[in-house]
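Chain nomenclature is as follows: A, B, C, D and E, assigned in order of appearance, with residue numbering initiated at 1 for each chain independently.
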Amino acid sequence: MTVNYNLLVSNSSPWALFKLLVRWKGSIWKAVWLEYLVWLICFFIVSAIYRFALPDEQKKIFVHVSKYIDEKIRYVPMDFMLGFFVTIVVNRWGIIFQNIGILDNVSLMTAAHVNGKTVEARMIRRNIVRYCVLAQCIVFRDISMQVRKRFPTLDTVVVGRLMMPHEKERFESIDDKYAKHWMPFQWAISLANYARRKELVDSEIRIDTLINEIKTFRTQMATLRNYDWVPLPIMYPQLVVLAVHTYFFLALISRQFVDESNIIDLYFPIMSSLQFIFYIGWMKVAEGLLNPMGEDDDDFECNWLLDRNLRIGLTIVDEGYEITPDIIQDEFWG
Amino acid sequence: MTVNYNLLVSNSSPWALFKLLVRWKGSIWKAVWLEYLVWLICFFIVSAIYRFALPDEQKKIFVHVSKYIDEKIRYVPMDFMLGFFVTIVVNRWGIIFQNIGILDNVSLMTAAHVNGKTVEARMIRRNIVRYCVLAQCIVFRDISMQVRKRFPTLDTVVVGRLMMPHEKERFESIDDKYAKHWMPFQWAISLANYARRKELVDSEIRIDTLINEIKTFRTQMATLRNYDWVPLPIMYPQLVVLAVHTYFFLALISRQFVDESNIIDLYFPIMSSLQFIFYIGWMKVAEGLLNPMGEDDDDFECNWLLDRNLRIGLTIVDEGYEITPDIIQDEFWG
Amino acid sequence: MTVNYNLLVSNSSPWALFKLLVRWKGSIWKAVWLEYLVWLICFFIVSAIYRFALPDEQKKIFVHVSKYIDEKIRYVPMDFMLGFFVTIVVNRWGIIFQNIGILDNVSLMTAAHVNGKTVEARMIRRNIVRYCVLAQCIVFRDISMQVRKRFPTLDTVVVGRLMMPHEKERFESIDDKYAKHWMPFQWAISLANYARRKELVDSEIRIDTLINEIKTFRTQMATLRNYDWVPLPIMYPQLVVLAVHTYFFLALISRQFVDESNIIDLYFPIMSSLQFIFYIGWMKVAEGLLNPMGEDDDDFECNWLLDRNLRIGLTIVDEGYEITPDIIQDEFWG
Amino acid sequence: MTVNYNLLVSNSSPWALFKLLVRWKGSIWKAVWLEYLVWLICFFIVSAIYRFALPDEQKKIFVHVSKYIDEKIRYVPMDFMLGFFVTIVVNRWGIIFQNIGILDNVSLMTAAHVNGKTVEARMIRRNIVRYCVLAQCIVFRDISMQVRKRFPTLDTVVVGRLMMPHEKERFESIDDKYAKHWMPFQWAISLANYARRKELVDSEIRIDTLINEIKTFRTQMATLRNYDWVPLPIMYPQLVVLAVHTYFFLALISRQFVDESNIIDLYFPIMSSLQFIFYIGWMKVAEGLLNPMGEDDDDFECNWLLDRNLRIGLTIVDEGYEITPDIIQDEFWG
Amino acid sequence: MTVNYNLLVSNSSPWALFKLLVRWKGSIWKAVWLEYLVWLICFFIVSAIYRFALPDEQKKIFVHVSKYIDEKIRYVPMDFMLGFFVTIVVNRWGIIFQNIGILDNVSLMTAAHVNGKTVEARMIRRNIVRYCVLAQCIVFRDISMQVRKRFPTLDTVVVGRLMMPHEKERFESIDDKYAKHWMPFQWAISLANYARRKELVDSEIRIDTLINEIKTFRTQMATLRNYDWVPLPIMYPQLVVLAVHTYFFLALISRQFVDESNIIDLYFPIMSSLQFIFYIGWMKVAEGLLNPMGEDDDDFECNWLLDRNLRIGLTIVDEGYEITPDIIQDEFWG
């Protein structure tokens, strides 16, 4: 579920941002706390070993190693990697979002171009919309864990009333090893052609526009599938994850307070903790955006979208059809 | 309200930029002053405690802690985070801006394709335009605080004469838990179809073009809603805000003038103040752009846009209809 | 006027780049010299005060302050700010440039779709083109200082023969507080419709294409206006300007040669001068691009563009109409 | 073959990322291990020479050189170069991916607009689809090593049944030194025109839409060819490769443990190894993306795509043609 | 001529990249060697003066200056400037490349929509294609040095058979101070209209599509011209060139080996040489991309493109016209 905070930032008073920080859902706190806890425990274990378990000779070596690592830890290029990686991932996320599939244009065009109040006309309009939502559902089942869980099999789609039994039969009548999400789209297009033959569509240009609109929606679905088919090369996220985790693994040793000349002996690694939160959090941003069809707090609400598309779509082509208010003179008439 | 300064930078004389700096409205000064004041007071309180309240032993510890933090404060990756974050936010802001919804194309196409000077033709043209503005208003009510305040309820929209009472009834006759901004668009499209049936539109291709234009405007509105529905994952702004504020919180301690060997004892943290202004200011830029439909000085003027769209739209389709000057030979005629 | 240097970089011989450096017009030298001079004079004044006016005690303090500032001056994040800011500004500049408004497509489509060699046909074609240029002129008057100076009032537009007196009357017959650049576009579209009614345009699809072309041009003009209406939030350029100027203001003190152990006592701040030129120059790049409709050497030549559009447009639709060469077999005929 | 890991990152639990790290295929480990091994062996050889072969006098010089290089090695600007270079390469990769050529739209439009269940109608529909795949195959042969290996000659394409013998004859009847991938596209367009003449296509607007769809697919193929024709200027990857390799070549000397005052004498260059993996890995990311039509684990599966396009395409236009389910009232009917 | 290296990087074996490095044409070596040589000679001259010509007193001053510069040389912000500048230039280069003008779509549409095997029909089709190539040639003459050298005057274009004498006459019959590349496009469009009047084009929608295709090609040419008309403001490349060259000019002094305590006295500035190659090379990348219509190894092959467009275009509309293979059942027929 996406987490909305626009209201919080509608004006930029100084305290607006603090309110942002106390959110839990989808927050950096929620993303980071478990890893931070684990890291902190490891830190204290290492600390305890150094302070209480090691003989003096080995303590010296530990100090040496710690200082050596601390000096060389800048070899890990976290800043640059994260900065550029997050930018790339955000762009990708933006494209996926733009193709998430809002059905309103298809619905409005269906209502605009397929005429008639007969049962048949209504059925055609409703089915065109439903077939598009069905295709979206089939695509989402392949790429979104949320939708997969809701519709684990085609039968559950039938139960969810997105598909009717005789349609499922027809759907399964063609055996193909490749994904078949094109089929409901073809049904929708055929229906449109059928409506034209029945003279429910007034002209060739209107049917062309309608088919084109369905095609546009289909192309969005295809884009989603393609972005699922070809993710960013695995090497890149691997690299970033490796760099960040290696850094903080090394920090377990290098950030121990081993300097004997210190007059105050700090036990809690406060600065390293902050650094941990910032960098792991930054990495989590990238991770959360890498697969926005997943189940994180901030991922797209695919199930909600299916319901919304079906509901609004049916309303537009059926209840909303031809209920235009009477045409009277508006109040600015001069 | 957007703050315009194009005139100031129309040529790049050396003093042009200074004039830029003395602006108050929407300025960095206005954005930063309060937080800076609070920070400065805190700084002096810490300073006073250190200088007057602490016993010598604890002073030593304070100095130690201060130096320790000052050394490690570079762990907070502000530069990179802000740089990349602002770039991402600016891109997002640009997309929102491109979809803000200027109605002129719809108006011009309505005037071009719906013929006739009869009252009915005029009413149809005017209503198509008004319905588009109405839909924009309904969308804006959901995403812009300014418009929400102007039109808190549908009744106020009626009072504002964007909607007529019988339209409000029709609008509410369909009960739906989802947003209904599609409805005025459907009315507009239906009206266009009606005009075609009444032979006020000459051909099928013209009606197709007109509907397409309305659809384009609708898609812009849908885009605005979607960007409101799915903001940047909250984690990212949280992270940036946290990093910047943590940095300056730590600076309260680390930037105290604790060096005893100093022959001049500075009381005012001038360099840290500058840094505060630059980084908090940079963050404020991001914050201001994060929700451009808000109420900051630099946010889009949504109410103004509604008025403008309605006024120009009605003028184009009504007063401006068919007032083309006489066709005579131009003055370059050769 | 844009400054062209493509020829200079057509091959990348080592000395090609040096030739680039000796250009004056639109150059970094021209942009920077005045500010540099002022800065240098200030530097020498501070230097003179330190060397000759200050008593020893205060000299010590000056040295102290100077060193303190020099150490902390890295708090000013110029690199990052300028790098990201310039990139954003360049993108914006690119979009404005892509919408600057070349009329050729409109002219060619007018010539292609409005037939006839009668005076009336010629007048219609010529007027469509002229109305588009007129609209462009009206838009440019609002956003470009150059065009504003050339056409301070509507009367000067009439004198410039872009508008005829009876058109000006018609233009002013509609009283509106909003900009009226849509009006000449509506005239052009109405003219196209008139031509269709007079059967000078062969088919509905042609008139649709022609109107669409005019609309595309209009949308470009509207985009220009919008980018003028909503600039980058003023806070961002303020921030950058402030950061850069503050840096060099502080450098007046911190870069004095106060180290007594120096065996050579440098008087001229050569390295700081270089830095000044690079950073102020970088900022000037951003400034020059921020409002490309201004009057800098490198700003778009709006007046030239208006003349060009009118001249080429009229030629295309009139003299160039139907002068296709005889159709004979080309020389590759096999 | 692209490596899919979306499932792994569908939620961002802390251990999700660790699972990412243990993948081998397409992984950073696989990309880096060989070079790392070579580098490590070289490192130990240098180490052995220094420790056992050099006389004391030369040891001193070695230490000196080593320290000198270590100090100056930051002259190699790896961070910046890699960061910006990878971003550019990722953008390029994204464009290539968007034009990889999914045939579904062409297939659906062919099925929608070419009517009839006669053998001729079926042949026309099937051939239009097959010709598009054939053209894609011919383009892929020129730019993808995988497809080249599968179809080394035109005869193998015939054997693969993408092309029929009489088509190959026709294809070769035109002798041209330039690539001839346009030919199957022209066949497809001619077939569509033929279908129109046979009145299998209902109207001119439908044939226009169909031809347009084929053209869109062709343009994608042309884009792929162009990106193959004009790669990023060779200088840029050369520069990056050179920088990274030079850095680690120098590191062979500079990272030896030559400091005599060290109480622990490290033999294994652990920190340098990490750095090697991160930077070489980062470079490998760029390299993998530079030619995504190659044979790396993460490159596009061009052969699979050809098979998929043909299979789904034929199914859509033939078996899927006119099998729309019966139109009955859906289950939300109210 | 573009330099192709895709084959080299089709898989990412470790040695693939080394093969990349040994290329000469278009390589970084070729771009850098001359400037490097000059710099190296200067370096040795300065070195010789310091070592052999200077008296001890001045040697001391030299050492002092050298160290001073070495310390402050980081004032020159090369990393950031180059990184951001190259990114901007690459984007620009990409846009130019996308508009370079491949004529295939125009040719295919001409063949698809202009029917008939008569001599007249063939002449019309051939001329439409040739006129487009002619227009491209006229545009290229203005912006590409290569094409300018091949066609220094219009007469050479006639000799090159792209233009026929009677066309040249017609071309010159209109006297205009502005570029006249629109004229061949207008001829092509007029020819298309003529074909329609002769009923060689079946319908209005086909002629509209054809004209639109020609317009698209024209718009690409116009874009090329505009990018030539408005380059990146000269200030920006000046700045970058200045920064890089200043840096290495200063390095002539600061990188001398003046440290007396050095037990090894290095004569060859190996690390500075590497740095020189990397940064000058990086700058050369930007320079090479700044004007891709020039004569560098990696610039677009404009002359080749003209020949290719003409040859393939004529083949498509003439020899390739209506040679579709017989329609028979494909081998997957089931």
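One rule holds in what follows: contacts are C-beta pairs under 8 Å (C-beta built on N, C-alpha and C of every residue); 3 or more make two chains touch, one makes a residue touch a chain.
All figures in this text were calculated on a predicted structure; none of them were measured in a lab.
Visitor: Minimal path length between chain B and chain D through chains that touch?
Guide: Minimum number of steps from chain B to chain D: 2.
Visitor: How many angstrom lie between the centres of chain A and chain C, each centre taken as the mean Cα position?
Guide: Here the centre of chain C sits 39 Å away from the centre of chain A.
Visitor: Centroid from C-alpha atoms only, then distance chain A to chain B, rounded to Å. What do you get?
Guide: Here the centre of chain B sits 24 Å away from the centre of chain A.
Visitor: Give the residues of chain A touching no fewer than two other chains, as numbers and ranges.
Guide: In chain A, 31, 80, 83-84, 87, 205, 284, 288 touch at least two other chains.
Visitor: Put in order round the ring, from chain A and then through chain D, what are the chains?
Guide: Order around the closed ring, chain A first, chain D second: A, D, E, C, B.
Visitor: Would you tell me which residues of chain C are touching chain B in their complex?
Guide: 31, 34-35, 38, 60-61, 64-65, 68-69, 72-73, 75-77, 80-81, 83-84, 87-88, 91-92, 119-120, 123-124, 126-127, 130, 143, 145, 161, 164, 166-167, 170, 173-174, 176-178, 182-183, 185-187, 189-191, 193-194, 204-205, 208, 211-212, 215, 218-219, 222, 226, 228-239, 241-243, 245-246, 284, 287-288, 290-291, 293-296, 310, 314
Visitor: Over in the complex, which chain C residues touch chain E? Could you list them?
Guide: 2-7, 9-14, 16-17, 20-21, 23, 25-28, 31, 79-80, 82-84, 86-87, 90, 94, 97, 100, 102, 104-105, 107-109, 111-112, 202-203, 205-206, 209, 262-264, 266, 271-272, 274-275, 277-279, 281-282, 284-285, 288-289, 298, 300, 308, 311-312, 315-316, 319-320, 322-333
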